[in-house]
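Before anything else, here is the set of structures, which you'll find just below.
You will see two complexes here that share chain A, one where it goes with chain B and one where it goes with chain C.
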Partner chain A sequence: MYSQRLENTYQFNKNLTNHDIIKYSCNCGKSYHLTELYYCISCLKTNCKFCITEDIDCYYCPNCLEHISSAEASLNGNRCKKCFECPMCFNVLTYSASTNANGVETFFLNCTFCKWNSINSGEKEFRFDSHSIKAKNEESEAYIQLNKVLEIVNKESAELSSLKDKKTLTRIKIAQAMKQFLGQQSKHQKHSQRKNFLKSDEQRWINSSVPEPLPDNNLLPKITPGSSLLTNANIKKGLTPITTEDSDKMQQDRVQSRIFNKIESTLPTNENNTLFDDAETKDQYDDDLDLDQLNKIEDADEISTLAQRLHQIPTQSKSLKKLEPHHRPLLTRRSKRCKRCDRLLIKPDVNPGKTEFKRQHFAYSYLPRIHISKINWIDNDLFEMFLVFNNPLHSHLFMNFPMEIKGSMISLDDNAQLVDLYQNETFIGGLLDETDDMEKEAHIQQLKNLEDARYFIDRKDNRLKLRFIGKVGVENSVFDNNGQDEVTHLIIHLPDQLLLNTDENTINEKKFNSKFENIKFTICLEFSTKSLTLNNNNNSSSNIASTTPKDENDNTPLGSSGTLQPPSESASQKTLLKILFDIPSKNFTNTQL
Partner chain B sequence: MSTSPSTPPTPQTITKSLICQDCTVSTGVQIAIGTVVHPKASVIINEGAGPIIIGENNIIEELVQIINKSPEPLNIGSNNIFEVGAYIECKSIGSGNVFEPKCKVLSNTVINDQCSIGAGCIVSENRILENNTVISQTSSSQIEIKSSIPYENHTSIHTSHLELLHKSIPLFHTMKKTQL
Partner chain C sequence: MQTPPTYFEKSQYIETLNGNKVSKSSILCGIMNIRLHGKTIIKPGVIVRGDLATVNIGRLSIVSENTVIRPSSKKFKGSIVYFPQNIGDHVFIGEGCVISAASIGSQVYIGKNCIISKRCILKDCCIIEDGTILPPDTVVPPFTYYSGVPGVYKEDLPDCTDVFQKDYTTSLYESFLPNIPKPSTSGSPIKPVTIS
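And then the complex of A and B:
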């Protein structure tokens, strides 16, 4: 599978300049910044945001940090009961009190930032006691419609549950699904239970969806009182296939909807609305109801912005005066599980005041962290790169650069590839450099002796600096392999003219032109906390010994020689990681700009 | 402070204005009793312009600029607060107003009593703000409403704020000598 560079999703990764250069590939082929990945320690694979399932652990208000049970949260529309948001600037409103001349104390909401307050700002005073807010909600049309549907679905599912043949079972499932989708969940259902009738991708939307009024959706069943929703006849009626006539009609409707409808009847019954006094003779159109109102506005600041309107879903008023504060939406804490093995990756603390995790498997604390210390051209289309590997673990990390892997070595938009790789196993020390294992220690010593100064620049504590040489342009043969899971070989052709200048300090003043604006290439890396070779074959020492002379003599294109690790039973012990580089050529030290 | 420590902290009557050494005050500026001018504030009269007359119990915080460019005098009432970085260039100001940080009041504007200009707001030229006008700035628009609530909040803390400043500022700053 080809890896693919994707945009970083987290806000803090988005606008930083260097956060798109190095991306780590997830097992599913998408690649992200290291901080956006998780690492499952039982599958030994990385998980991106598409490879996890999420469960909501708790709801809390970001303002008052109060823990709210899921039943209570869904009862209040996933909003905090106490905290209000300013309709103008979306800050949190504060409760204030003032005493008037008669000594009567009145309470009101006040925005300390934009000075909005519930007494003077709106057309009329905003009552924010729970009673009047509830009454207002219950009056709304959407609420009534939703309740009707819920009632019927509830009734039917209760009826159906007594029957147990195959047909009714599917109907029970549909009824339950609808109940869940539309209704307020009374209980937090178990992961496995929900799996029954929902695809995993849909799962996460269930709890996160805010029970705001549902949009007018033709697919939702229209309720006529007294009718039953899930009888066979009704299901059939609901599932009539769409004919070409219907689709033509839909298309026509779409065209029609762009033409503003004239409104025949006289307009708003609201007496206060004097705006249309002089407009009565004119034609009225559906979509520009307050065109005259807009014309009368002298100051464009009196019109609400899109963001303000979207916070007022029931009214969506265009006038600032009609905006009303709403309760603050709740936030959630979610536990995340690996989609492959269902193990917990992230478990947050349920107490909203605490910020630490109970369980955290971020890739950042397991994968070797990589950064580029220097990259420069050594010839036309040839560059050398110094990579620093950091081991975040306390134990040793063994790694190698495989010559053949299952799947693709490169990503599709690569325009360069590495031509010179260290082909043996190597290691990075841990933070606490303690080896109690004699065998391991001996092995490390052995690996150390084999190190070639051409590749190994520096080794200190848990850092390792390696040199790589890459070439612009990708061998066609790499692309030929379009099969999804076939084994591909990395083909290395070291150009003859390459003079391996091992002296890092020679300063080459020459500037080179870059063929591409961005140099993109991929490095494959296998790592494990156990030695990759030691556990495979007992005669690892001889294996290494037998292969090393070859490396030193000439860099034969690999693929045939014995340096390749035979696939073995311990293959699952190591993690394959593809690191995708996307380096702007201006970041090379000696690019001709 | 010269008050003996044995006396209980009675609300002392403010008998003088505090003008820090580090602020710029042009000649021709009249400052009444009780007004506090923080360091780095500037009250400037341009060449050929009229005087600036500042009333009682105003607080002029750091980096505030009050500039008079017109030949007429600029009258400022009492009990106003000019918060950090405000820029005032207007015709006249009443009393009990709040100017929040970095607000700008441009030339020829008249501000009456008990107004509140929000942080970062720009009040355009030639305007007349009536009593209890509240102007505030959100990310998208400037909002103007009539409300007395910001004024009430302001008056409830203004006297104690002044007292605190009169106590603490002389401890940490050198004062300009005034004629009083």
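And then the complex of A and C:
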């Protein structure tokens, strides 16, 4: 499968331009910066955001940092009971007290940033007890409309669940998804619902231990193991889309549940639709069309911005004076599970102030971290690169660069490839020098003796510096097999006469032009905490699991992870990693700019 | 890309026994009340107002150029009371910031030109983007990214932020080396700011 460079998810990674240079491919082919990936130690594979399932562990208020139970959170619409947000600048409001001339103390909300307060705003006094706010919301137009839609959706899903043919199942799923989206339920319901959702696809390979490489997509036909995708039966079974007729009917039901206000009697109305004709003339619902009122506004500063309006879902007022403070939305702590084997990857602490994890399987603390120490041209289209590998683990890490893999050696839009790299096994020391057994020690010594100074630049503690030589342009053989788009072999054509600097610090005066603005290529890497070549039978159990013994009792209520043991052969203990480089040519030390 | 090491003039910095590197052109007022817990870098032009209240700065923290660290205050029974200020480990503070927070947790990243107003509480593992202004009494929870004027919650951070930030500040400290090997890499001297 081709790997693909994708934009990093988090703003934090988008802002740091360096974080676009090296991306690690997830098993599903999507590649992200190392900080966004997880590593499942039972599948020995990486998980990206599409290969995990998330569960909400706890709700908390970002301001008072109070843990809120899910029942209480859903009761208050996922908002904090005590904290308020400024309607103007969305800052947190503070409570203040003022005493008037009569000595009566009044409490009010006050924004420390934009000086908004609940006394001067609006015509009548703002009551900030949660009961009156809730009552006000429930009276509002939008809330009533939403409730009506929700009612219909509920009815629909109840109706549908009585029917049990293939086609309705898809509709149930959509209806349930809508229900889940619109209304809040208890945690228990959600969990059982999740189980139902997963039954057809995920549950299947939980039991069969066939890893699902692709993230779950309901629109894709599902393959049962042992059968081909393209049999007639499978096509029929796999694709049961809902027709437009079905969706139209569902849509219509929801439309009918709502009452639309007449906009203006003079405006042309849809005469075919008899539904709206019997509706009584009411106040305007959409005040965008209320030109009279808009013309009355003298100061443009009195109109609320779009962001301010969207924070006021019940009223969506266009006037600043009508804006009201709202309870602060809650944040969540989420635990994450591997989609392949359902093992817990992340289990956060329920205390919102704490940053420790009960379970943490970040790719960042399992995979070798890679930095480019230097990259420069040595000839036209030929470049050498010095990579620093950092081992985050406490034990030795063995790795090699395979010449042949199952899948693709190159990634989408690669414009370069490696032509020379160390082909033997090598190792990186751990953070602590744990010399646990003699055999390993001897093996490491053996590997050390084999090292070639051409590739090995420096080795110190848990870091290793290697030299790679790459060439711009992908070998022609890639384009020969147009249909078969996978390059499983690495082809090496290294020019015979090649000047290699023995010292990294010698400065090459000569400048070269770069063909591309960004040089993109892929390095495949296999690593394991156990030697990849050495067959030591006596301690076959001392695999990765031994370095993190606490993970043995990782079995969770879902429990099925217990049946999925990592494959017993040591050969499959290794992890294949594809590292995608995307280096701007200005980062080369001797590019002609 | 690996960040190339930055070099500093050895005569311009004071190195303490536990690895603190404090620029001579920084202004530390009330030096008795300032406590650096080791391996902390204080760049030129930084002002630390230890004369107002105690300032604690944890290990492997970096305070960049022209930042002001000033303990927060509150009016209490007619007089102004200053609170002691605590800054945790592995904290990076960018250039030109004003930090008056009551406490800053560990593994926090504060970008350039931020204003952290009085009595703010920054918990562990949070990031404040460049140019953010946090209003007084703001609480920044763990694993969140705050930005804007006023600084509001934008999104979550990846779960491995703490490990990443530890790695980042450690590598910054380790690549901050004395003496200049080549004259070309010397940085331009930064003018110290004086208190008016």
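General observations
Everything that follows uses one rule, which is that the second predicted complex is superposed on the first by the 385 of 593 C-alpha atoms of A that agree within 3 Å, B and C clash if a C-alpha of one lies under 4 Å from a C-alpha of the other, contacts with A are read in each partner's own complex, and residues count from 1 in each chain.
Just so it is clear, a contact is a pair of C-beta atoms (placed from the backbone, for glycine too) under 8 Å apart; a residue touches a chain by one contact, two chains touch by 3 or more.
Because the structure is predicted, anything quoted here is derived from the model rather than measured.
By the touch criterion stated above, A:Asn63 is placed in contact with chain C alone, chain B being left untouched.
In the superposition on chain A, A:Thr305 contacts chain B only, with no contact to chain C. In the superposed model, A:Ser247 makes contact with neither chain B nor chain C. In the superposed model, A:Phe113 lies in contact with both chain B and chain C.
Touch criterion not met for A:Gln592: it reaches neither chain B nor chain C. Contacts of A:Ser98 after superposition on the shared chain: chain B is touched, whereas chain C is not.
When both complexes are overlaid on chain A, the residue A:Thr315 reaches neither chain B nor chain C. Within the superposed three-chain arrangement, the count of touched residues of chain A is higher for C, of the candidates chain B and chain C.
Legend: residue contacts after superposition of the two complexes on their common chain; A:Cys89 is shown touching both chain B and chain C.
On chain A, the surface patch touched by chain B in one complex and by chain C in the other comprises residues 89, 113-114.
Residues of chain C touching chain A in their complex: 1-2, 105, 107, 117, 123-125, 127, 129, 133, 135-145, 147, 150, 152-164, 167. Residues 10-13, 15, 18, 21, 35-36, 60, 62-65, 89-92, 94, 111-114, 331, 336, 346, 348, 352-355, 357, 360, 362-365, 369, 371-373, 388, 583, 587 of chain A touch chain C in their complex. Within the complex formed with chain B, the chain A residues making contact are 88-89, 96, 98, 108, 110, 113-117, 119-121, 300-301, 303, 305, 307-308, 320. The touching residues of chain B, when paired with chain A in their complex, are 116, 118-119, 134, 136-150, 152-153.
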